[in-house]
Structures are given as C-alpha cells and as structure tokens.
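Sharing a structure with you now.
Order of writing sets the labels: A, B, C and D. Residues in every chain begin at 1.
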Amino acid sequence: MNGKTLVLGVIGSDVHAVGNKILEIALKEAGFRVVNLGVLVSQKEFVEAAIETAADAVLVSSLYGHAEIDCRGLREAFIEAGIGDIRLYIGGYLVVGNQPWEETKAKFEAMGFDRVYPPNTLPEDFIPELKQDLGIEE
Amino acid sequence: MNGKTLVLGVIGSDVHAVGNKILEIALKEAGFRVVNLGVLVSQKEFVEAAIETAADAVLVSSLYGHAEIDCRGLREAFIEAGIGDIRLYIGGYLVVGNQPWEETKAKFEAMGFDRVYPPNTLPEDFIPELKQDLGIEE
Amino acid sequence: MDYLSSEKLDWEQMQQERQAVLRTWETGREVNLEEAVEFHSTLPPSKNFARRMGEAKARGITLTQPRAGVADLRSHLELLQYLASEGEADLLPTTIDSYTRQNRYEEAEKGLDESRKVGRSLLNGFPAVNHGVKSCRTLVKELSPPLQVRHGTPDARLLAEITLAAGFTAFEGGGISYNIPYAKQVPLADSIRAWQYVDRLVGYYAEQGIIINREPFGPLTGTLVAPCISHSVAVIEAVLAAKQGVKSITLGYGQCGNLIQDVAAIQTLPVLAEEYLRREGITDVELTTVLHQWMGGFPTDEPRSFGVISLGGAAAALSKATKVIVKTPHEALGIPTKEANAAGLKATKQVINMLRDQSFPECAQLAQEREIIMQETREILDKTLELGDGDFALGAVRAFQAGVIDVPFAPSVYNAGRTMPARDNEGAVRFLAWGSLPFSKEIQEFHKEKLAERARFEERTPGFQFVIDDVYAIGKGMLVGRPR
Amino acid sequence: MDYLSSEKLDWEQMQQERQAVLRTWETGREVNLEEAVEFHSTLPPSKNFARRMGEAKARGITLTQPRAGVADLRSHLELLQYLASEGEADLLPTTIDSYTRQNRYEEAEKGLDESRKVGRSLLNGFPAVNHGVKSCRTLVKELSPPLQVRHGTPDARLLAEITLAAGFTAFEGGGISYNIPYAKQVPLADSIRAWQYVDRLVGYYAEQGIIINREPFGPLTGTLVAPCISHSVAVIEAVLAAKQGVKSITLGYGQCGNLIQDVAAIQTLPVLAEEYLRREGITDVELTTVLHQWMGGFPTDEPRSFGVISLGGAAAALSKATKVIVKTPHEALGIPTKEANAAGLKATKQVINMLRDQSFPECAQLAQEREIIMQETREILDKTLELGDGDFALGAVRAFQAGVIDVPFAPSVYNAGRTMPARDNEGAVRFLAWGSLPFSKEIQEFHKEKLAERARFEERTPGFQFVIDDVYAIGKGMLVGRPR
C-alpha cells in the first residue's frame, strides 16, 4: 500500500464495465487504496465519495461518447464542495467518433481535468505518471 | 460474323494470358473475326499481323505496368508501315501502381491510341463502343 | 417479485399501464395502435424483418446487418441509405443513444438540440422516443430494407410503443440481456416485467396479423462470455417472449474466436430453444440465429480489424447463422464514419458470399463441443426452472440471485460476478472458476482439465492473469493471451 | 532433348557454362563463389530463409511474406524495411521486374534509368541483375528478415548467380512453374535444363554448408488451377531440385477458395512430395509448405479485398501452411503502395495469430478431398514417369506434349490447353473437361458428377460459361460464378 486513495468510476449513463474492473485490479496491484464506484456514476456521487474517502485523486472513465455533456461542471462541483484542488483524471473514448486527439485533449483540460488520456491507454502507460503526480516514490 | 477483323495481343514482356483468352471468346461471340497473337507480342508483330489480315482495329492489352515503355512509337510504326490510320485501342493496367486515371488516359491518347480503357473493363463495357466506332449496326 | 410469472399478460388489464407509459414523454401521444396496424399492413413484405429472416433461413444464407445511429433524423436517414446502397446491408438497424436507454429523455433532448446546433452528433445513437412516431415513420417509408431497433434499455416500453407504431418490424433486447450488461441498479424482476410488456405488445401485433421479430441480445457483455451463459439467457428470453405471443425470434451469440466453439454455439442455439419451448407446449415460433462479430476490445488499426471482422464473417457463414451483425474497422477508434461502417459490411459480405455454398464439416470435435454446450446449458436451465418452481420468469430472478446464471464483467449489482472465464489452449472460452454455476462434476472436470492444459503449455499456474491477458489479447493481435 | 535427364549435373563440367552465363551481362563479373560462401557464413542464422522455415514448421506456426519490388535500390530497401517494421513481415521478398524475367537486361537498364529520372518506378520489380552483387548485398546486410528472390524467369541462371552470391537465401521458381505460366515460346526442355543449373548451384552452396531454400511456384496461372495440376508440377520440381542437391524445399499452392479443398491441398503436398522423393531414394530434404492467397482476379474495392485476403489467411493457418504469401487491398488497382502492402500483411497476421492454436478438424469430407487429390496427382505423376522412362525431367517434357499435365490459361505454346476447369457446387475447382489428363474412370466420374450437381442446382447445362463466370466471380464478390 502506498497510502494514496483513488476514487474510480464511469460517468453518466455509461455502462462499460470491463475497463473499470481491470483498472481497479491494476491500481490495487500498484499499491493504491481504490474506491470503485463502478458504472453509471453521477457527478454528485463522485464528489461525495471523494469527500468521504478523503481521496487524493478522482479517475473518471467515459467510454460511450457522452463525456462532453456528462462532465460539464464537474470541476465546479468539486470547488463548491470545498475540494476544488483535487486531482482529476479522465480517460476513455471521450467524444463521439474519432476526432483529432489534440482538440479533444484541450477541450477536457479546459473543463478542469489535470490529465486526459486517449482510448486504449493501458494501466502500464499511466500508472507511472499517476505515481509521479501524487509524489509516490518507487 | 459482322465482317470486321480485330488483331488482339498482349504487348511487350507481359504474359497475362487470362484476360486475353476471355477477350478472344467475347469478341468472337460478338461476331468479329479475331486474330489473337497471345502474349509477349512485339510492336513489329502487331504491325505485320494488321497488314496481313487487313485488320480494322488493333486491340493492345498491357497488364503488367510497362505499357508506357512498350507502346512508345507504336503509332509511328503503323504510320511507317503505311496503315497509319488504323484504329488503335488499349486496355489493362497501363502504368505501374494506381495513378490518376485521367492522366494515364491523356498520356496514352497522346501516344496515338484512339481509345484507352481502365483496368477491369468488362467485354460488355466496351464492345458496344467498338461496334459503334467500326460502324457495325445491331 | 410475487407478481412475477411467465404467464401471458392480459391485454385488457395492460391498457392502464400502457396509458401511463405513453404519458412518460410527450411523443407517447402519437401512438395509435389501430392506425399502426393499418400502416404495417400497407408495407411491402420485403420490409418485414421477420419475413426476410424466415426466407434467409429457408435458403440457408446469411444476411448482413450493421449497427448505426446518429442524433438527427435526416443524418440518420442518410447514414442508413448509405449503408444499404454502398454497404449492401441486407437488414438495417437504428441504434438508440445511451440517454434514451436509461429513459433520460430530457438529456437526450438536450443532446439532440446541441447536435443540431454544432452539426455533428453529440449522441451515440438515435433518440427515437424524442423523435416520435411520425419522424420514425419517415425512416420506414424511405428505406427499402427492413428496420430493427437496437439499444440496451432495461425498460423499453415507451421505445417499443413508438418504434413499432412507426412501422419498425424488429426489436432487440430482453429482460435479462438488456439489464445485466446495461444497468447497475435495476432489479431483474422489474426489467423482466417491462420486457413482458414489450413482448405482449408484439404479441398483440401478431394477433392482428403483423409479425414483428424479437431478438434477445446475445453477446451480453461481449467479453469472454461462454456459450452456455448466453445460450441460457437466450433460451429464457425466447420462452418468455413466446409466452407473450411473439412468433419470430432470433437467437443471438457473440463470436468467441475459436471456430469450432463458435460453430457449435450457433448450431446448438435453436436446438436448445426449441427443446425448452416444446416443454412449454410452444411449437409455432420461427427461430432464426444471429452471430455478432467479436464484441470485445478490437485492435486499433484498420487492417487488423478487417482480419477480426472477416473471421467473424467466416464463423457466421460456416455455421449458417441467419444473419451476422457487423463490426467496423473503426471499432477501437470511436463511433465509425459511414465509410468505415460500409467497409465492415463489404468485407463481411465478400467472406460470406465466398463461403455461402460451404459449411463447417461435421466432425468429432464439433460434436463434442455441441454436447458440452448443450449439457452446460441444460444444467443451468434446469436448475433455473427448479428455482422458479417451473417458471422461467421467477427462475431467472432467483438464478441470478444465486449465481446459477452469472455473466462475467457485468455492471449490474444483481449479477453475482463470481465466475472467472478464460480461454483454453485452443482459444475456446472456458471457466477458470464457475462460481455457483450448477455444473456437474463431469463439466467441472472438463473445464479444469482444459485450463490445466493451457497452463502446462504456458508454464504458468492458471489464475486471474489468464483473464486479464485474454481481455486484451484480440486488441493486441492474438486470441489467447499468452505470457510475453 | 536427348541431353535431358534428371541426373545431377557434374559441377566441374558446369564451369564452362557458368562462365558463359556470367558473361551475358556485365555484373556477372562480380560473382565470386568462394567469397560468396564466406559471406554467407558470416550471416546470422536468423537471416537464413531455410532455417526460419524449418523452425516455423517445427513450431507449427505460419509465417507471413509479401511480394514487393521497385526499380531503385534505395527505394526498394526502404520499401522492404517498411514491410518488416510496419507490416511485421516475417520473411521478405525481392520481386524482379518483367524485363529481367525475359533476360532483357538492356530494357531493364532503360527502365531503371528512367525510373531514377522521374522519381517513381517505371519497372514492376527490382532488376537485380542490373544492380549486381554488391548492390544486392546492401539489402541482405541492412534487412533483418531472410530474403527470397521472387520472379517468373524461364532462364534464371544469371539472376541466381548474382542474388545468391549477394547473400539471398531463398530462390523461387522452377523449370516448369516459371516457364508455362510466364513464357510463350520457351521449350520446356530448355527451361528445365536452365533450372537444373540453378538447383545445382544451390546444391553447390549446400556442399559448402550454406543451405538455400528453393520454392517451386505453386499457383502457376493463379486462375482455377486444380490442386492435382499444381501438385504434380510441385512434386516434379521438388524431385528435380533434390536431385541437384537442394536440401530445403517449400512446396506451393494457390488458394482456390473452398476451405476443405484448400486445407486438403496443403496437407497432401508434402505427403506426395515425400512419397516421390523416397522412390528416388532421397530422404534428407526438409519439406515445408506455402499457401498463396487467391492469385486470380480480385475485387476492386479495398474492404472486399480484405475479405479475400483474410479468408486466405484463415486457410493458411487452419491447414498449418509454413508460410503464406500475402496479397494486398490494391491487388485489382495496380502495384500496391507500401501502406497497402503492409495492410495486407497486418490483416493476414491478425487472422493467423487468432487461428494459430486452432487447426482444421479431421473429418470425412477432408479425408475424401485428400484422397481425391492424392489419387489424381499420382495418376498424373505415374503417367509422367512412364512417359519419361522413369525420369521426371524427360517425363515432364513429354507429359506436357501429351497434355498429361495441362495448366489452364497458360500462355505457353508448349502447354496443351485442353482442360476446362470450373467450380463445383461448393466452390471446389474441378474439371468440366480434362483433355488428356490421365484420369481413371473413377476420377472422371467424380468430376462429371460434381459439375452435374452444380448444373442441376443452377438449372443450366455445364459448359464454358461456367469457366467464364468463375474467372470473374471472386472479383465480383462471389466464389462460384452463378448465373445472374
């Protein structure tokens, strides 16, 4: 255990569960305490879970293409709840169709995500970055 | 029989025989007298056969991509032989690779071909035109 | 749950419920059953999905069908027209967006509005409820091939009312297959009951002489779902549908990747369904089959995706599935362009046509695989019936509760999630752990031995790493997730 | 023709001929056998084609190999590098241009010069003779996978001298397979003799411990060539090669499209070759197999081509062919771009990898198809031996003269061209007319019945229209050319 807590979930009306389950396993194996909210998670549930568990970061997944709509105001919701500086990550298929990645990335960064990951990101691709961000030494 | 004679052949070092055999059958069925020189036919052989058989048109095939080199001077050879106004047709894969068709067509028209056909032309696609060109009524 | 039984709903008693359902969104007002039946009777037989399926079955050929749906009506129509002309799709879909699937019509409306504003679809499907009967009917009128609604909706009562009234002649889904993989908190009894409504509505149309095709969603979570699991769900939903008067049922299965297992799966589906229907005394349902090309994670490049797609086409043709649901070379990139969608259809059609006069030869391995699938499925279904005191509706709820039916990777809290599927040494999907699946000793031994064989070959102990490696394998260009 | 026999050429006596051959083009001077053998011995084993094939056979996997060649050395190198990295080709080719194939080195030189001038290849391949030993060696040095020369040259003596001296470790072709489909007026005795020279050269290398792989060209004209025809040629060329000391032979076959026939064809190839080699007392040759994806006319669009390609990949993997020669989605458009070439490789690799742990199951139909192929081939080969007084070299010449071996659609005047191949009702290639193929009554009846079956199904009389329709069928998205 590395002492850091992550809240994990698939936002909105999205039910893609496979990646979520795999992520949970990979993050636990990497030493995190993982609070997995599963699929169909609302903004409110993310905020509440982050407060309750004193999370260090929230990892949002969105696979089904509606992230643009579902994530609007998410950063603001955290700010309102008094934990506006929590680290926010998002990954998956963030828009409908295959659009230029740089645009998509910029769009979600502007929405307040600290890091935005493209489709098919493997655990081994981002866990090192996550550890670095949270100041975990290997 | 429609009274018209066609000389048929695959020019240069080209050995693609299947289309040539199918063309022979289709043209015979359409009523032409067909003199099929087969594959690996030189310019000289085309000219001689056209003279010998008093052909109404010469149908050159080239499938293997070297037509640009092989057909240079073909029209001139017919002119030299005194039958410079014979109708010349060409069809097949005329250049190496898949290049813009309009350019290829223009290139071969400039070389003296009366009609230039793209790859995968079926007998039913060009026989009507051929008949029209040669003044055959149906 | 006391109220749940598989008995046919009383049409008269259902009218009150219908009125309530139709009031949940304004377009519900447009539904007029009498007028709808009349409209259906004016449609040419070639637009009837059930009929096309029946013909294909009789001729022993495999039809192609894409998935496709965008927010705006015109764009959706153009998309489908393109897939019919350029993609030569035999059957057409209308894939519904995810808000509608969760009955969130307001969000769907927002998405639809914005999509129109920005000129591209912000929704991942066509919000048919928001469009309403009249708009949907435009699709039916303008398109030649038959149309099916494809979605993933636990409570699709309003969606069915609207699309069937509009003239759609096929409707995918079922109380289990559109709940367990597509919802988290919806009690199974609720979705089964909601789908009995849909089936009863289809049954009503049948009583008026309008045959509408129903298709339980075969692939479930699309990821390492062994045939016995999806077959059990398919058979239960077929029986439940038939009991409400449905006359045309297409049984589905998602390609697993081992050719023999895939062929055996398609071959056994109608055999098992017929068997359990007959036990209920039902013999007048036309059963057809559908193979879904690989439903799990795809490779990210187009050429490799074409490979996966073609292999799925081959499995469909060789097993003589009545239709094949086609993936696209953009599967791992995002919702496909219309060109990519047509490309998937064309590659599939080429393979299917080249194999149309061939079938997978009868052989010992195939027979054994069929036997295994049938025995496993019967063990699950018989236990389910036992738990339900002879009733599949009740039995299904209790079976899921007990883990007697258990879908891997399912998001629903009503699914036990105690099995661990993994590929054997030839790539067939087996169980590393079967949780509470009511397998006999014989079947348990079979799975153990199959995975031990793989473990020996790979020189590692069988375990969860198999599952993870197998989840990624096809995306990485393999079938079996071998250690690297 | 008196001089023709299959006996091993005397190496000393061959030296005069070698000197003459090496003088036919200036680059011949660069050949120094001793130095070449030394160069070969410095190459890592991973660059040896024969070795890679042997390993793949032992592991039961199928390797991929593209076709590719452009005029200029740098461009050719880059092309091959791309196919190895992006296309993950296991084995690399160097496809030779058509002038070189006809020994017209001057025209090749012109084409090469002009290609350099205009900056694109005006030649349909790499003119290796014109490039010479040193330039060709650049390829061997810079590329990791093993390299094969692929061409279609009746007299490839100089080409072999140069490319083998350069370090190529595989050489396609044979006295029949690179004459009958690739020439018009070259007497068979001449090309067989020229190829005995090539084989003897390879045998010389073997004597020095350098194993070079030889591959008779399996598909011949690529168009409705029944297995018994290509198998007969493959076996004869294998025996002729082995008699000159060749130790590694890859037997080829061009996919016909009926899966069972294709699998049976690959399975029977080494069985038959071994049988006839053993009769000659030869047991020390390593035999491997290659399936060529469909070699006839392709569909003009890419998605459909991917379908054909994938099906070929499936046939190769399920039959456990040692390698597969890959087509591209540009096949019916022209020489492919490097991207299209890599795309064909990737689609194929995906299919092969997904099927690598599966094989076609043993079954009655497959066994029957194998029996048919073996009986047909033995009837042809035994008659050939009889005509040749026990000698395959002489026998081959006389067999072609008599139409005992007869390749459909071949351009050569030395081929009888009296057979009429057509597909049966399941798409397997059979004979509508077998000309003078020495078929027994039993086999004749088999073909008659198979085509009568198709005729009954199509309600038309069997005849030449079958052939024409079948030639176009795959290009038009079908396998069997049904009437429209």
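To be clear about the criterion, contacts are C-beta pairs under 8 Å (C-beta built on N, C-alpha and C of every residue); 3 or more make two chains touch, one makes a residue touch a chain.
No experiment lies behind these values; they were computed from the predicted model shown.
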Other chains in touch with both chain A and chain C: none
Between chain A and chain D, centroid-to-centroid distance (C-alpha), Å: 55
Chain centre separation (chain A, chain B; CA means) in Å: 66
Separation of chain C from chain D, taking each centre as the mean of its C-alpha atoms, in whole Å: 45
Approximate Å spacing (C-alpha centroids) for the pair chain B, chain D: 30
Touching two or more other chains - residues of chain D: none
Multi-partner residues of chain A (each touching 2 or more other chains): none
Category of the chain touch graph - line, ring, star, complete, other: line
All touching chain pairs, where touch follows the definition stated at the start: A-C, B-D, C-D
Residues of chain D that touch chain B when the two form their complex: 98-99, 101-102, 104, 107, 110-111, 114, 120-124, 152, 181-185, 221, 223, 296-297, 300, 330, 332-337, 409-411, 464, 468, 471-472, 475
Contacting residues of chain D [partner chain C, same complex]: 257-260, 299, 301-311, 313-314, 318, 342-351, 353-358, 361-366, 425-427, 474, 477-480
Interfacial residue positions of chain A with respect to chain C in the complex: 12-15, 17-18, 21-22, 25, 38-40, 64-66, 68-69, 93, 95-99, 119-120, 122
